[in-house]
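One chain, subunit A, appears in both complexes that follow, with subunit B as partner in the first and subunit C in the second.
Now for the complex of A and B:
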């Protein structure tokens, strides 16, 4: 019983990490209809950028905060420019849905190799936010994981406020719901798409940093992160941010229970079995629809 | 106010608008008639920047706007109400209206315009917190017109405002449009199949056929038979 409860808790922790990771993917898809096949590598770029700032420290300090701020600025710019100079011209041509996917896939492979050249193939990780743990009854949680969950919850709240209350956030929702509608009310959709890419890359990069603190990273792990992200957003409903959050939590708990009862090697088969069954029964995912 | 000079427009690869010219004066109500598939909707899309002419030019208050993107044209004061409505279905009526005032030009007059919109369409006040995907056809049409008004236009172009509406709803939409013109001084360009209704409020009429202007007349000199004949 004790190990069962602890498994649930650890499932909720990885679930919140997966939620953070899937958000960037679902934001881009929900608003621009582009499926970002470079998603995992973008998360990895976030993690490696932050790692530069903390490579010599054992425990996170102000240098990690600085690393996070630089990552945010860098990834926003990367997303913004990538939309402007690559996605936007591609979207003006026929078959843009395929060409953007292939472009992002190619860019992902290119960047993976750039990371390999710069940082080398060895496994790295980002130091934890705070060492030690607390005990609540039978449940034992690391401080670090509590902080991760806290960051994810804050991020989700901030995103919600942004989409509901700010002018640009509302414009993003408008574009997600009707592109011609957005155009006739005077929204510059190309500007909104470029901000969307900037925002989604920032969210993705932060999720990469969190993953880098809890697990480890190497130049190739981005693809594994991306596949998990794809399963989560398809399971939750493409373009639905709430769906992605629920799906991530469910799959996180499934992962922890599968590891507990069957062993870690069963996680992927069970994930994909659930995923395919859900797709067959409900192709639009549990909360299908637009953002 | 609006001057269209020999534009050519395409729908996919079809040459839909052919060397078409027209003009609209300030405060006028202009009705645009013509059979389906002869270029009325394409013409409006060309004027509001959702599509662009391959040749010819469009001037708005003497400024050439031919190649402007849609959002820039909205900011100059042209609002376009599409036949498809294109509402934001997962947002409330109020959120839709607020987004109607997205452009900078409209910021200063949001509360004033909201008041006017609710005066013209009292129904929307009752429905203001409802998601627009749950509204009836007539209510959706009202939101589309109201959202267009929120952009503080000086020229409002409406595509088939009465399509799919019951006669009583149709009347209230036309009354609303007349009020918009009379009280706000907003110039109207109306594309309509309900010839009688549109004719009764129009100052001038353009008849479009095969992408060209067949004739142009003051509304008072038009008789309905003449228009109906042109449809065949």
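Now for the complex of A and C:
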């Protein structure tokens, strides 16, 4: 029983991490209709940028914060420029859905191997925010994991405020609902799309940093993160932000229970099976995205 | 789909086929023959992948997985049960076609294009962990070794001709498929979805048909792959073969008949030079794919077409001046 409860708690923790990771995917798809097949490597870029700062400084606490800020600025710029100079020309062509997928895949592999060249194949990890743990009954939680959950919740609240209250966030939601409708009321689609890419890359990069502190990272781990993100966003409904969060938490718990009862080797086949079942029974996902 | 049956093109293709047919008699090294065998098999894989991605608009990312299923099935049957590859290769193709159509085609082809991309990618990603789970049959991470060749005492030359024949037949079938009713239905659907619907074309059924054909033929190619090379392991499902396949389609010219063949040739032989680049090879391939999509989306076929136009203009000018 004790291990069962602990498995559920650790499932909730990894679920909230998965939610952070899936958010970037679902934001891009929901607003721009482009599916980011380079998602994993963007998260990795975020994690490695933060890692540089942590590794090369004397004051340990401030450096991570500084690293996160630099990551945010860098990834926003990357997303913005990527949309401007690569996605935008591709979107104007008739078979844009296939060419953007293949382009992002190629770019992802290119960047992955650039990371491999710079940082080498060895496993790295970002130090945790705070050592130690607390005990509540039979459950034992690290302080670090509490902080991660806290950051994820804050990020989700901030994103919601951004989408509901700010002008640009409202414009993004308008574009997500209908592109011609948004154009009629005078929204500059290309501008919104490039901001969307910037925002989604920032969210993805931060989730990469969190994943890098909880688990380990190497240049190839991005694929694993990305494929998990794919299952989560389809389970939650493509383009639905809240759906992705619920789906991530459900899948995190399922994964923890599968590891407890069946063993870690069965985790991947189970993710695949869940994906199949979702597609067969409810392809629009739990909260109903675009099917 | 452009009609590409002008006289000089037919002549060119015939000459190439004849050259490929007499090439082994010129006594090339065993290594070159090996490369040509790879080229034949990769052309088939790339072109049937292109049938999905380029002609029909099914975003498949799992064709290397189809290749592995066909290869493993045929390899296991001939290695463990001693059956002749003549029987096991078609069985491998059938198993691939059935599995893929059941598990990927039925659930995803009704939905929008992105689902099939997700499902096929995740499917190909799940296969290695299934292979390591079933270590007793599939050899796990080590893979299968010493898979029997097409017939006992086979030499490289025989493998060359067998794969060459397979390549020709597969291309002929592909040509027929593209010009069949199903192929025409896809042209109609690509050009105008609503008109195609009005004409009574069942989109789901036609897509399912093409998906079955592509997976079946890719599975067969997997059989030819294992019996001519002799081994297969989960590295077949790693990122590199996947990237090679995509690069062939993109470099050659997506949505054209000859493009993926030219792309396969360029990549199979070019990749040997790229080995000099060591670990940077994958980065270069990724950059190649991005560059072609962004700056020259028609690939080699676009180049060929532009050159052809320029030659035509030059010839016309000569006539005028005369």
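Rule of thumb we're sticking to: the second predicted complex is superposed on the first by the 284 of 291 C-alpha atoms of A that agree within 3 Å, B and C clash if a C-alpha of one lies under 4 Å from a C-alpha of the other, contacts with A are read in each partner's own complex, and residues count from 1 in each chain.
Going forward, a residue touches a chain if its C-beta (ideal position, glycine included) is under 8 Å from a C-beta of that chain, and two chains touch if they have at least 3 such contacts.
Being a predicted model, the structure only gives us computed values, none of them experimental.
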Please tell me, clash or fit, for subunit B and subunit C sharing subunit A in the overlay. fit
With the two structures laid over each other on chain A, which partner does A:185 touch: subunit B (first), subunit C (second), both, or neither? first
Could you look at A:177 and tell me whether it touches subunit B, subunit C, both or neither (first, second, both, neither)? first
If we overlay the two complexes on their shared chain A, which of subunit B and subunit C does A:167 touch? Say first, second, both or neither. first
Under the stated touch criterion, which partner chain does A:275 make contact with: subunit B (first), subunit C (second), both, or neither? second
If you tally the residues of subunit A touched by each partner, is the higher count for subunit B or for subunit C? C
Touching partner for A:225 - first (subunit B), second (subunit C), both, neither: neither
What angle, rounded to a multiple of 10°, is defined by the Cα centres of subunit B, subunit A and subunit C, with the middle one as vertex? 90
Quick one: classify A:53 as touching subunit B (first), subunit C (second), both or neither. neither
After overlaying the two complexes, what is the shortest C-alpha distance between subunit B and subunit C, in Å? 11
Mind sorting out which residues of subunit A both subunit B and subunit C touch, each in its own complex? 290
In the complex with subunit C, residue positions of subunit A that touch it: 29, 35, 37, 86, 89-90, 93, 95, 97-99, 101-103, 105-114, 116-117, 223, 227, 230-231, 234, 238, 265-266, 268-269, 271-272, 275-276, 279-280, 283, 290-291
Touching subunit B in the complex: which residues of subunit A? 167, 170-171, 173-174, 177-178, 180-181, 183-189, 289-290
Looking at the complex, which residues from subunit B come into contact with subunit A? 48-50, 69-71, 74-75, 79-82, 84-91, 95, 98-100, 102-103, 106, 147-148, 151
Any idea which subunit C residues touch subunit A in the complex? 53, 57, 59, 61, 103, 106-108, 110-115, 117-119, 121-123, 125-126, 129-130, 132-133, 239, 243, 246, 250, 254-255, 279-280, 282-283, 285-290, 293-294, 297
